[in-house]
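Supplied in structure tokens, the structure appears directly below.
Per-chain numbering from 1; labels A, B, C and D assigned in written order.
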Amino acid sequence: MSKNIRNIAVLTSGGDAPGMNAAIRAVVRACSFYKIDCTGVYRGYQGLLDGDFENLDARSVRNVINKGGTFLKSSRCEDFRKPEGRKLAYDNLKSAGVDALIVIGGNGTFTGAQLLIDEYNFPVVGIPATIDNDINGTDYTLGYDTALNTVVEAIDKIRDTASSHNRLFLIEVMGRDAGDIALNSGVGAGAEEIMIPEESDSLNKLMKSLKISREKGKTSSIIVVAEGDKSGKNVFELADHINDDLDDYDYDIRVSVLGHIQRGGKPSCFDRVLASKLGVGAVEAILNGTYNVMIGVERKKVVQISLKDAIEPRHEFDQELRRVADITSV
Amino acid sequence: MSKNIRNIAVLTSGGDAPGMNAAIRAVVRACSFYKIDCTGVYRGYQGLLDGDFENLDARSVRNVINKGGTFLKSSRCEDFRKPEGRKLAYDNLKSAGVDALIVIGGNGTFTGAQLLIDEYNFPVVGIPATIDNDINGTDYTLGYDTALNTVVEAIDKIRDTASSHNRLFLIEVMGRDAGDIALNSGVGAGAEEIMIPEESDSLNKLMKSLKISREKGKTSSIIVVAEGDKSGKNVFELADHINDDLDDYDYDIRVSVLGHIQRGGKPSCFDRVLASKLGVGAVEAILNGTYNVMIGVERKKVVQISLKDAIEPRHEFDQELRRVADITSV
Amino acid sequence: MSKNIRNIAVLTSGGDAPGMNAAIRAVVRACSFYKIDCTGVYRGYQGLLDGDFENLDARSVRNVINKGGTFLKSSRCEDFRKPEGRKLAYDNLKSAGVDALIVIGGNGTFTGAQLLIDEYNFPVVGIPATIDNDINGTDYTLGYDTALNTVVEAIDKIRDTASSHNRLFLIEVMGRDAGDIALNSGVGAGAEEIMIPEESDSLNKLMKSLKISREKGKTSSIIVVAEGDKSGKNVFELADHINDDLDDYDYDIRVSVLGHIQRGGKPSCFDRVLASKLGVGAVEAILNGTYNVMIGVERKKVVQISLKDAIEPRHEFDQELRRVADITSV
Amino acid sequence: MSKNIRNIAVLTSGGDAPGMNAAIRAVVRACSFYKIDCTGVYRGYQGLLDGDFENLDARSVRNVINKGGTFLKSSRCEDFRKPEGRKLAYDNLKSAGVDALIVIGGNGTFTGAQLLIDEYNFPVVGIPATIDNDINGTDYTLGYDTALNTVVEAIDKIRDTASSHNRLFLIEVMGRDAGDIALNSGVGAGAEEIMIPEESDSLNKLMKSLKISREKGKTSSIIVVAEGDKSGKNVFELADHINDDLDDYDYDIRVSVLGHIQRGGKPSCFDRVLASKLGVGAVEAILNGTYNVMIGVERKKVVQISLKDAIEPRHEFDQELRRVADITSV
């Protein structure tokens, strides 16, 4: 174990995700277990610039494991993008006696951290937390599993009313660059069609599928649309397009944008366990002298990937599940 | 007990509401208990015109008490507004041997039923089911309690992310003519401000309240807006207005339209119990020769009101709760 | 308004109930609104004896409206039953400058408060909070509605497995002296039979009903049993009795004691609104010079009843619902 | 693709688990997609003996993806353990024209299937479904993720009341041979201690940990105990033991046995997606001529393992999580 680490700081940044509090808790408890100090940084990188720090001990994180959001709060920080902002952040960390920093967030958060590494060689470890699940080097990001449950519960409710009224519902879910939420929640909710940003011909496929459904006499349908869908239409335009194109059918089309409920809520057990593993893994990586990595999970094991690689755009998506979606929606 | 009633029909009409299935179940079970036939009518008044009937027995309604929506389905029916449509409906009821009709729905549903009474003297009893709670003669309508829980659960989730990011959220809830959902869910969710259709000066009040909050240093806020708010602005325009008017503040404003999730979901225990009482009460009213009434609830007792009075616009709202809202949001 | 009241204390006592936090919040906010001080007392009457007080302001109660339990904590207090204990409590209240006390709890809590009134003429107002709903002078007690939802959600889950396996489940719910939880959750969950402490012949009725069910070929059943059922058997003994008595049937009987999950959980919207009304109503009663009452609710209006009358055993139960239960379980 | 397969039967057997319906749906939809017949077998192996079969098509499985339990029902079947029982099962399958069988269940289910393979060379594929997660050859079994969420939600509720009253709760969860539920839900619920069947010194560890907690002044605690814990004591005896051993402390100990709620409930999104993959994977394995395997999942990919190996007792458990549990409960 590295003898030089006596104080680890932790911050959350970017869009909040359920499980962030559980990850902070695990970081704090692991510091406590290994008898080192833990410094909480409020409001992400902004708090680094403002020196908005607080010492956290095991009691500081009682009763947070099951809370959504992040008690350290998050924010966008324009000033951290400037060299003088990062200088200030570095100086604040040093003068607070912080030896290493754990950042909890997504792609933007890690990109910021990488600058701190590149410019000041400050030891940083990342924990992937974003409901979008769009990070390399981990099977799952924090918050993703909870968001999926929130989405399927919402669609289950909408299906009640869709079935009662023979309606077609277009449901927009989050995922600007990654269709993971749409694809998984769509399969989970038994959606008739799913539109994801990774596919370019989604509109044609949708129209074909709707025509077949109508011919079969299907009277209600759920279509799940990722907000980043590449059809060139937002979900309201899509509703108009369907109405125009299928006007010989008597469709009653409704739109539902699930929005920010997807970011909140009590974390699922999966996310709480994942957060606990990643938080402990991050502290232990630092204590073992492994810096500038992201802690991820493969199967149930904690793994490490360089932050640089974690930041790279992710290109794969779950093609097998796409195929399953088509088969089970017959 | 009236000896002439041997067959009661039941239908659901208008917007669906959680608890409709539980009410159908209670009607069917009560018919079974009193050893008379029960005829289910599919798709509301449309089914009356189409003769889309099915005999229902105690087993037909197993495992529906906890399901959202209505298994008898609902629909709008233009043809029922025409005299010849109602003639057809009446003829179908007579030829199916139906002696009385129970209609489950809201204002529009009862208005339709009243025509059947006026023109054909056909015995009808109404059960109030609408998430809006905007019906005279009953403390509660079916589905309202469930919708309130759905809304506060959604706002609880949104507050997680609002608090994490210091954001102002405008949340639109249902209630075109009645602010019951907005007022009760707003109090329940601890909203900082609530805008309801019963009040005309809501916009001024909101702007004043936001300024006070900012001066106090409040960094996140939840505003609940009924879709029928009389500010003359929809929720997106309202967001723009706040942004313009408060541009010296650094507000990050987001809008969330909760939409159709409010109509679905498993009914709460309250709604299941209410549905059971109303359904049994409707059958017993008919068997006791009391027609053309709506069955409501006052405190925990089943009461009756003439359908004509039930249809009248409701003018009261819970002024005491409005006052409580202002006090508890200080 | 009484000019003499400058400081109101609030405590929670007895078994905790969802909505207690929301009631404390409403008390604190109302004090803040009327510009008087509010003193929080920790651990119920024990805190009165220990002088475990804390000044509460509007910020102290942020983000508690949706939390189960009570952040002021609760406890049993043997010493308060002794005259010298109450002397100490009174002295502590006086020396802290407290002018009146709001107690949130059930029958035992109010009985304690009455002693303080009788012996020291100290102004007290009660807020009824108990999941059992067994208090005179109010349609609903705090926590009852939430507990009902918790119970029906649990039974919905158990019914999944009961139906899959053709099993008979005996489910014990809370309610030592009052069958409200059992009766309402039983109707809400569609239980085949319900055993409540208000009825003495429940065992015979159950055995008869089970025999009829079996003859009809019913293959799974849910029986809800209040813990205070007067059959003279606990739920495990009841299971043995059924097994012995129906041994010619091939019943697979299981027992589930729902236990303490019934006391916790996020309060329902109903309970949050009720808590807000009662909390404001309690403060306003004191400010209007009305002491030694319990604040209750009838229909949606706040009402007052003398604490003495509130303490009396409640004898009525919802006979109409009992009848509905028998009709809808055919 | 094997041209010989024209009809696949599917059954569920053993303890039911959330996600079974979703798996049946995926099997039926995949058969429909590949244009082969699907035969539903009711009540597990008992239905094989009774010839209790029904042809299932895509519509038969509408609206089941989000239902707990299994609509094909499950049962224990003594007769299938006898050679003549299996002979009858085989004969029924053949005379119904069934070419292969998919069995959804746990260890006992697969053991039965293996007999059919060994004795009649009948093609069988297994889908692992048990809340206990105790099957080789798959990262996750169906129902496990849902059960974990049910457990942590229940413990969250109990913690509300534990915190309000300074109580110690012993919570028994399922898992006779495998501590996966206890360990994961314990970490997820922030339990102070976790007792699992894989460890033999759990009682000593617990007593030591409780003494340390008390010295630190911890006033409420949650202990999660797997029903198969090897302490030699059931959870009630354990409570007595703690009371006796710690009688100098003033502990208020309560026991909660979560019981059968763990088996039911709407499946989580994770379980619905898993079920969809496994169901499609099972049909495709058969069509590709791969029999006598279990379909599992590793990371997000469908994998196969011989049924024989799947049946072997599983010895590993998540040691890393055990370590994380100790660290995060400091």
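Just so we're on the same page, a residue touches a chain if its C-beta (ideal position, glycine included) is under 8 Å from a C-beta of that chain, and two chains touch if they have at least 3 such contacts.
None of these values were measured; they are calculated from a predicted model.
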Compare the two sides of the chain A and chain D interface and say whether they are made mostly of the same residue numbers, over half shared, or of different ones.
same
From chain D, which chain is the farthest off, judged by mean CA positions?
B
Cα centre of chain A to Cα centre of chain D, whole Å, reads 28
Based only on mean CA positions, could you tell me how far chain A sits from chain C in angstrom?
40
Of all residues in chain B, the ones touching two or more other chains:
156, 159, 163
Among the chains present, which pairs are found to touch?
A-B, A-D, B-C, C-D
Enumerate the contact residues on chain A facing chain B in the complex.
12, 15-16, 18, 20, 67-70, 73-75, 150, 154, 156-161, 163-166, 169, 254-257, 259-261, 263-265
Residue ranges of chain D in contact with chain A within the complex
25-26, 29-30, 32-33, 58, 63, 65-66, 139, 145, 148-149, 151-153, 156, 159, 163, 184-185, 187-190, 266, 268-270, 272-273, 276-277, 279-280, 298-302, 318, 320-321, 323-325, 327-330
